[in-house]
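Next up: some structures, all given as structure tokens.
Look for subunit A in each of the two complexes below; its partner is subunit B in the first and subunit C in the second.
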Partner chain A sequence: MSMDQALQTYIEESHGLLEEMEAILLRLENEPQDDETVNAMFRAAHTIKGSAGLFGLDAIVAFTHVVENVLEEVRDGALSVDGELVELLLECRDHIGLLIAVVAESGGALDAAQTAAGEALAGRLRARRGGAPAHAAGVPAIHESPVAASGGGPVEGDCWHLSIAFGHEVLKNGMDPISFIRYLSTIGDIVSLAIDDSELPGLEEMDPEACYLSYSIEFRSEADKQTIEDVFEFVREDCRLRIFPPPSHLAAFVERLEHASGNTDMLGQLLIEAGILTGHELETALRAQDSMAAGDTGTRPPIGEVLVRDGLVQKEVVDVALEKQRQIRDHKAQEARFVRVSAEKLDELINLVGELVIAGAGASLLARRSGDAALHEANSAVANLVEEIRDGALKLRMVEIGETFNRFQRVVRDMSRELGKDIGLEIGGADTELDKTVVEKIGDPLMHLVRNAMDHGIEAVEARVAAGKPAKGTLRLNAYHDSGSIVIEVADDGGGLKKEKILRKAIERGIVGPGQNLSDSEICNLVFEAGFSTAEQVSNLSGRGVGMDVVKRNIQALRGSVDIESAEGRGTTVRIRLPLTLAIIDGFLVGVGKSSFVVPLDMVLECIELSEADRQIAAARSYVNLRGEVLPFVRLRDEFEIKAPPGKRENIVVVQYGGQKAGFVVDELLGEFQTVIKPLGSVFRHLKSISGSTILGTGEVALILDVPALLQLGVARDAQRLVRET
Partner chain B sequence: MSALVNVAEQPAPDAPQDALQYLTFMLGGEMFAIGILAIKEIIEYGNLTEVPMMPDYIRGVINLRGSVVPVVDLSSRFGRKSTQITRRTCIVIIEVAGEQEKQVVGVVVDAVNEVLEIPQEEIEAPPAFGARIRTDFIRGMGKVNGRFVIILNVGNVLSLDDLALLEQTHAHVTSAADVEAAQ
Partner chain C sequence: MEATLRIGARHDNGLCKLRIEGELTIYNALQIRDGLLEHLASSQDVEVDLGGVSEMDTAGFQLLLAAKREGARLGKTVRYVSHSPAALEVIDLYNMAAQFGDPLLISARQ
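Let's look at the complex of A and B:
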């Protein structure tokens, strides 16, 4: 991985962490303090700082360090969280975001005003820290953890402490203890040496060829533990050797542990990697652990405990190692749950799957024509698999909408302060999934709708109280699936749309003729017309009269629709309806004359034959009796001006969209068809009633019907006809 | 983004100094030419899907190795009768630079002739009238063996905005006509 790529990863990760911080802060504001959340926030800040250090982004390190200090005090309970602190930390989070954007992404530096703002924030942060001395912002103190300062090893100073008890057999095996100690002095200075002769038995019991002596050595050396241990390699089996690192090494150990590669999540291996423990020591300790497990209690003490008990590693170091081990495991668990894949690769895959579907359809067609049963069988097995692959591939791109919704917590919070309103955000259906490409494009329209609802929808507190409503306004974001589309609702409990005012304005602007009679919902939907804004006062947030029409256009570009529902005095709900995916759908293929059309299968309810009797009177009216229900229909032949004469039979495809049922009259029903959507290019951008195209197994192009637009067209035409007749 | 880069790298197809080579083709008995740099390929006419409610000069769409390409009837585009399909009818696939991105468009021609080199000095300015084609469609009149060849300005003939716009007015006209007819 090159440095650039690494930096890119860092930037992406930081954005994620910042979002996490924001979510935590907003939660902290409402909920009592909980250690885990504070910890998570601390970790987030710490990671941003640590990684920034790797890239030499000093400005980020300096600022984040101050934030981290405060968070650390919060974590330790020295500081309590209140609204003011959350506010401050939110600002800090934004500043870190700015730093990352400026320093890491574009490699620039903050301008004077921004730097000053950062300084001010850092100053306020330091002021919040109780009695603790403030570190200078630029100098992160690494060794401020209590571990480093506590000392507490068995010896003082910067000397290693070696304790060697030679086995009785050493001399018989031809080893001379003195030679080892002499050799030891070649890699360092022996500061002092004490001989422990307490093992020495009485003269009559003493074996002159046995060694009874133990040595206790203070040893000053730059060598690491493994090197020191290696000195005694030849007598390793015959002696009890303990090497205690000098206390001054503790901090270094801690640091090394913290920077361990994370290749292993075994405590012992971690300690070895950091050079604190040697392989031999670990083996011994593990054996001890096993023997304890086999002993009377039958429980297995943790390896850390064994190591501390044997004095091989200080307790503080083990604690740090345990923390590190937990981190690595967390990280591993996360890695196992998610794989980062670039969206491009995913798109490529989905395109290929699209081609596979088309090619598969071609093969199926040939297999059917050949009349070879075995081939047909094999082909349908392939087709089934292709369908599963298609669904799987599309699912890869599905993301939950919750993340998008959560971003609005902050928007709502900040904006309600700015507006001086009290508004809470409720989120529903956060786990509803939709295509990532849709999610990316829905952010802006949603933002606009939310702002609109807060600015114009929800009234000021006094007005709410006067109207007998709770002072706190509620904005609700909700999402759910409904017949192959996803519905996103932005609802407020505000004043609702003032229909009279809208109508008056529409007439003023010439959008509606004065004599026209409009239903309530039609009036509401007028707000989506271009250049329409009823806000008497234009605030800096919304109300410039651009927007709602842009929202509508953006959503239509995604093959979606938007609808507004409002009860005066009770609130407004904007309902966005979007297709689940933009790439591949299940379609239903129908034929009219020589042309083929695809109806999205999710919208198809059933197919019925248009009876001869109905055909006779169909010229006069455009509805049939569907089991006692009135079913209006659209003749595709007339709608699309297809000249070929109708076939002997005609069928009706019954579709449902947004609570509306209607029929399409077609010649032939050609069955289900996996439809890879191909855009129709800008030449056809004004073409209503066709939403795209697809390629059939034969290689021909079929057009995809835009069901909502066709239904709307039918409604509009009838309305026109009525106007003309009256 | 990538489209922009492509445009920058490739000389504009209509730039005269680069368009020394031309593909000549027949349309209603007349010879036309298009700068060769704009042309991607030439295919046989067939497998065309009509798109409803489009003006006559949009014949429909075809499947060009997996992408859906609109096909323009040049003859109707020039305000003449639509092309009669014969055995020699071809679709010339042309790349047109749009406002934001390039689009591939097919045009129906009666027959494709050959690729010719027409030196810049052999190209006359379009006549003010008389060609019975909108003058902005003509880049120039090339002289080949003593005959005039109409060199088309592909950018204008196949201007996507123009095509889409006309189609919109067409839709308006028909709906207005409907209303009148009904009254």
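Let's look at the complex of A and C:
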């Protein structure tokens, strides 16, 4: 991996971590006592700092260091969490984000104002730190030597402590402890040696050829633990050896652990890699663990506990190792769960699948025509697989909307403070999936709707209390799947839309005529008209007159629709309906004359034959009686001005969209058809009622109907006619 | 390696003066132990001359330690004198000069 790529990975990782930090902070505000939460936060800051160090991004290291210090104190309980601290940390998180954007991504430096803001934040952080000595003004030194405190001359405390109990057979085996001790003195200084002869029996009882002595040695050496252990290699099986590292090594061990490669997530292996434990020690400890598991209690103590109990490793070191182990596991789990794939490759795949679908349709058609049953059967097997591949490929692009929703936690929190309102955010249907491109494009409209709801929807606390509502307002983001679309709701329990005022204003602006009779829902939806803002007060957050109409346009550009529902005094719900994906649809192919059209299948309810009687009546008006229901319809022949004379029979395709039912009158029903949407060229941009085109297996082009637009067109025409008739 | 050993003993007014000549090692450990035991049983105090020790190992060292403790247990004195360089080196290495509590020559190594 080149440095550039590595840096890119770092930036991506940091964004993830920052998001995590934000989520943690918001959680922390509610549960300040949660240790896990604080720990996770600390780790996130620590990782950002550590990796920034690798890339020499000193500005990031310096600032994050201060943050980390504070978090450390929080973690250790020296500092308690309150709203103020969370606020401060959120600001710090934003500053880190800025640093990463400026320093890491574009390689620049902060301007004077940004630097000053950073220093002010650092200053406030330091002020929060309880008993810690205040650093000099400015950003503290980046590198702190972890072992500085243990400096000074060599002292007893700097020594390895060896405890060796030789087995009785050592001497008989021709090995003399003296030679090991002499050898030991070649790799370091034996500061002191004490013999424990408590095992030595009386002169008469003893076996003069057996060894009864134990030694404890203070040993000063630069050698690592493995080297020291190797001295005793030849008697390893014949003695009990314990090697205790000098206290000053503790810090070094901790550091080495933190920089462990992450190749292993086994605690023992980690300790060995960091040179804290030797392979032999681990084996012994594992055996001890096994025998304990087989013993009375039957429980297997964690290996870390065994190591500490046997004094092989200090508890502090084991704690660090456990922490590291968890990090590695987390990392591995993430790696296992996700594979990073560039969006480009995915798009390419989807495109190819699209071509495959078209080619498959062509093959099916030929197979059907050939009348060869075996070929037909083989072909339908292929078609099934193609369908599965298509679904699978599309699913690759599906992401959960929860992440997008969660970003609003911060928005709601910050804005409610700014507005002086008390607003909570509720999220529902966070696991609802939709296409990544749709998710990316829905962010802005959603943001606008959320701000609008908070600013204009939810009333001030006093007004709420006066209206007998809970003081705390609720904003609810919800998502669910509904007949091939995803529905996203932004709901508030605020004052609702004031319909009279909207109507008055609409008449004022000439959007509706004074005599027009509008339903409640039509009045509500007037707010999506261009240049419409009823806010009496223009705040700096929303209500500047650009807005709802832009929201509507953005959503329509995604082949979606937006709808508003409001009950005065009780709240407003804005419902966005979007297609699940922009690339491929299941269609229903119909024919009118020689032309073919595709209706998105998930909008098709049923198909009925237009009977001769109905045809007579239908010639005069554009609705039929569908089992006692009035079903308005659109004649595609008229709509698209197809010259060919109508066939002997006509059919109605009944479609439903957003609670509205309507029929399309067509000649032929050609059946279900999987299709790839080819966007129309910009020449046809203004064409309503067509959302795209597709290529049939025969090579002919079929137009994909834009059902919502057609319905609207029909409704508008009916309204006009009604106006004319009245 | 030739295991040569001679233990010379002189009794003088309840004091037994022993001289170990040769290797004070595992090869002779049994023999030395028996010798020490024998003389310790028959005398009040034992003085062991280590001047003739040509070589000493942990087994030998362990014997000296055990004999000393045995003496203390019986209320007798076991003393080591005139340590040879070979003996001194081991006692020195084991840091036991003080415990042996005997007049000890400063070792040549230091």
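A few remarks follow.
Operating definition for what follows: the second predicted complex is superposed on the first by the 546 of 726 C-alpha atoms of A that agree within 3 Å, B and C clash if a C-alpha of one lies under 4 Å from a C-alpha of the other, contacts with A are read in each partner's own complex, and residues count from 1 in each chain.
In the analysis below, contacts are C-beta pairs under 8 Å (C-beta built on N, C-alpha and C of every residue); 3 or more make two chains touch, one makes a residue touch a chain.
Note that this is a predicted model, so its numbers are computed, not measured.
Residue contacts after overlaying the shared chain place A:His686 against subunit B, while subunit C stays out of touching range. Greater residue coverage of subunit A by touch, when subunit B is weighed against subunit C, goes to B.
In the superposition on chain A, A:Glu641 makes contact with subunit B only, not with subunit C.
By the touch criterion defined above, A:Thr572 lies against neither subunit B nor subunit C after alignment on the C-alpha atoms of chain A. Shared-chain residue A:Ser595: touches subunit B; no touch with subunit C. In the superposition on chain A, A:Leu703 makes contact with subunit B only, while subunit C stays out of contact range. Contact with neither subunit B nor subunit C is seen for A:Ser14 once the two complexes are overlaid on the shared chain. Within the superposed three-chain model, A:Asn379 lies out of touch with both subunit B and subunit C [touch as defined at top]. Once the two complexes are overlaid on the shared chain, A:Lys678 sits against subunit B while remaining clear of subunit C.
In the three-chain superposition model, subunit A touches subunit B and subunit C at no common residue. Of all residues in subunit A, only 355, 358, 595-596, 639-642, 678-687, 689-690, 693, 695, 699-703, 720-721, 724 touch subunit B in the complex they form. Residues of subunit C touching subunit A in their complex: 26, 29-30, 32-33, 36-37, 40, 57-59, 62-63, 65-67, 69-70, 73, 90, 93-96. For subunit B in complex with subunit A, the residues that touch the partner chain are 47, 49-54, 58, 60-63, 66-70, 98, 103, 105, 160, 163-164, 167-168, 171, 179, 182-183. Within the complex, the subunit A residues that touch subunit C are 171-172, 176-178, 181-182, 192-195, 197, 200-204, 206, 208-209, 211-213.
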